[in-house]
């Protein structure tokens, strides 16, 4: 009897102590009382990392809501520069016009690299005639106004079956990146393909069509590697398949790229957002690898954390 | 008058009750106004937001253009591929649902005994109660593999799968409404036909169905209108490639799927995508409204008057 | 023409006819052939009906076999996750519960109130008929158009954001016509004698309705409302427009919170290519169907238990 009496009375006191400790702390590690919400939107490629971070973070900080959506890199920036999100996932750097938009709306931000990625070109697993494609072949297939309909029009020894094309939607950073890398001009693409910001839909498509050809983030290929066949890309230096090593070293060209997140400086003033950012950079390496991307070096993440620290303290 | 000034027992209570009566009557009228406001709201929102779209794109191009590529360069805003997708799938659904639904209605109305009808009719109604997202899953996981095993060239996202499943979904609409129409035909007509030596088949096919024709046709139109307005089955199973095609074994995009797929990540206000949502929504609304109105007209105009 | 009852037209067939009955002389009753045709036809009609039943069975079998093994207590109490084995539908369940409650709260009074006004108060003029036609048309508007309305009106104009409340209001508008029509039918079914009796005892119109008509109409009204609500929780399209979230690590705590609902979670999972997520979608579908079964079962029980014949 006595022990329960003591517990009941001391509970509110203990709770108050925790609350005070939580409110006062700013380093973000080990605080149990963080709450609030963080809005993240943008690239479906970077989504995989942000989603993983948000999920792991929420296991530690139950009361912080990290909402992650994937409207596409372009869509994410539009919302970010309108002040609707705290963090924008991007699979390509911010453009000048987006920078201007943010400046116009008074949104200050920092740019952080979080991982390296490749754009994987894939075909159906039972496709036995494609092992490697040259960049100019990809260009001929995908450029605006392309009239190529069949595999045999690309290389005569390939079957005369129609190519079913699957690719990133126009809001997607992968779209901007692929078109820039292959066509030489961002957003220049033929329009008659199955487009989706959701890379899962593209995986489903390529996996389901015998003569399909698709491009999407390397992580989505990795996740579904047993259901897809990847195509090696020859940029003039031989056929290189996308792997962690070739992406990290940059030999998988021209389709290796860095992945970014853009963080609003104002958001860093909130303790939960600050804690989230620290958590992100701390774990991005391991989570990126888990999800199928290539982590950066530890010093790059450290540099990122210093940048966050400097921005948060109002410089 | 007399109530205000009379002084019988309960007079004050009566005044109060009359006041309450007036307040309630007004309150209920305001409630009813919500339904009118809803319609006005739909029309206003669609028209006002589409106006922004039509300031940039001519309605003529919208209604007659054959390419829908709003987010590419060059951007094309012809709604016909989306319309074709909707019509193709609704047509396929009609091919499935109209004969099956009508036959089921004839069976339930003319042949089935009361006990059979007691379980058979609710079972068919259950088809209408299954959420459309579950139908979408069924289309993708069950129907599409079957189609692809029969016709290996079929895309994984195709119109045929969505059509078949949507047809299954609207069978109860056709069968219930047609059956109601057929049961409303007075017994004397049946008895008269039997008296003239007709078999049950002939009574059903040549007397009842023609007599109930207005209700049956109205149910057809309503079912097709429902098929055109359906979103989830097509979004999951039919694809996202706008195509002006009659080939049901490739991927198409319907008006409803376009709206849903474009809104999946939030479209920022003022963007091209945001505006196209309203323009396509307006087209969809106009089409389904027209079909519903026509269905009502068929019902009223051609209804046989009995006694 | 001889032997013709007045008003009966007979097309002249040009064939020689029997003098008395005007039946063509070569008329063959062909009873057996016609009877056979009849049996074939009956069989076809029965088969057609069976197609519907079999399709339903196939759907249920598909979903249950795909999803059954994922229906664990962890599934029902877990949060969505990128790991299929960890994923659960707790936020979706709670979100659906919230949305259901708020939708009912808004739609029930509005719907029943409108039905009462239409049946008891409104004069029988063109305006009233126009309102009724309008409601019938609203019932046929595609659910995604309601979603568009909800997006522009509740999410943007009323600035409710992508919240439970916005979704509930949108769905309330969606099912309002259904509730109105069902309630109207229930009120219409109450015989006039009840009302007249109440008036004779000195009741005002509202008192007559409230104390005499509504109690008798209530079972029908509730049945219609429950059926309408069961439609509301199965809807995904308007919810997509209003902005349900795909990845939720929390359950909504208030009406202005972000949310997700079960149909939307199913849609999210279906869109992922991995088989495990398809199975999760099937498992969530089972949960949804069970909820619907409970709701519809309640509605039918209500109807059978309380409805009376006058």
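When the chains are written out, they are named A, B and C in that same order, and each has its own residue count from 1.
Convention: contacts are C-beta pairs under 8 Å (C-beta built on N, C-alpha and C of every residue); 3 or more make two chains touch, one makes a residue touch a chain.
Just so it is clear, the model here is predicted, and its values are computed rather than measured.
Novice: Go through the assembly and pull out the chains touching subunit A as well as subunit B.
Specialist: C
Novice: Which chain pair is joined by more contacting C-beta pairs, B-C or A-C?
Specialist: B-C
Novice: Based on mean C-alpha positions, I'd like to know which chain lies farthest from subunit C.
Specialist: It is A.
Novice: Based only on mean CA positions, could you tell me how far subunit A sits from subunit C in angstrom?
Specialist: About 41 Å, centre to centre.
Novice: When the centre of a chain is set as the mean of its C-alpha atoms, what distance in Å lies between subunit B and subunit C?
Specialist: 12
Novice: In subunit C, which residues are in touch with two or more of the other chains?
Specialist: 271
Novice: Give the residues of subunit A that touch two or more other chains, as numbers and ranges in rising order.
Specialist: In subunit A, the residues touching two or more other chains are 69-70, 198, 201, 204, 207.
Novice: Give the residues of subunit B touching no fewer than two other chains, as numbers and ranges.
Specialist: Answer for subunit B, listing residues that touch two or more other chains: 264, 266.
Novice: Please name which positions on subunit B make contact with subunit A in the complex.
Specialist: Touch residues, subunit B against subunit A: 67, 69, 71-73, 76, 148, 152-153, 155-157, 239-241, 251, 261, 264-268, 271, 273.
Novice: Under the definition above, what is the set of subunit A residues touching subunit B in their complex?
Specialist: Against subunit B, subunit A makes touches at 41, 69-72, 75, 78-79, 82, 144, 164, 169-171, 187-189, 191-198, 201, 204-205, 207-210.
Novice: Which of the residues in subunit C end up touching subunit A in this complex?
Specialist: It is residues 79, 81-82, 245-250, 258, 271-274 of subunit C that touch subunit A.
Novice: In their shared complex, at which residues does subunit A touch subunit C?
Specialist: The touching residues are 37, 48, 51-52, 54-55, 58, 65-70, 198, 200-201, 203-204, 207, 223-224, 227, 291.
Novice: Please give the residue numbers of subunit C that touch subunit B in the complex, ascending.
Specialist: Contact set of subunit C toward subunit B: 29, 34-35, 37-38, 41-42, 44-49, 51-53, 55-56, 58-59, 62-63, 66, 109-110, 113-114, 116-118, 121-122, 131, 133-138, 140-149, 151-153, 156, 162, 173, 176-177, 180, 204-207, 230-231, 234-237, 240-241, 243, 263-264, 266-267, 270-271, 278, 281-282, 285, 288-289, 292, 296.
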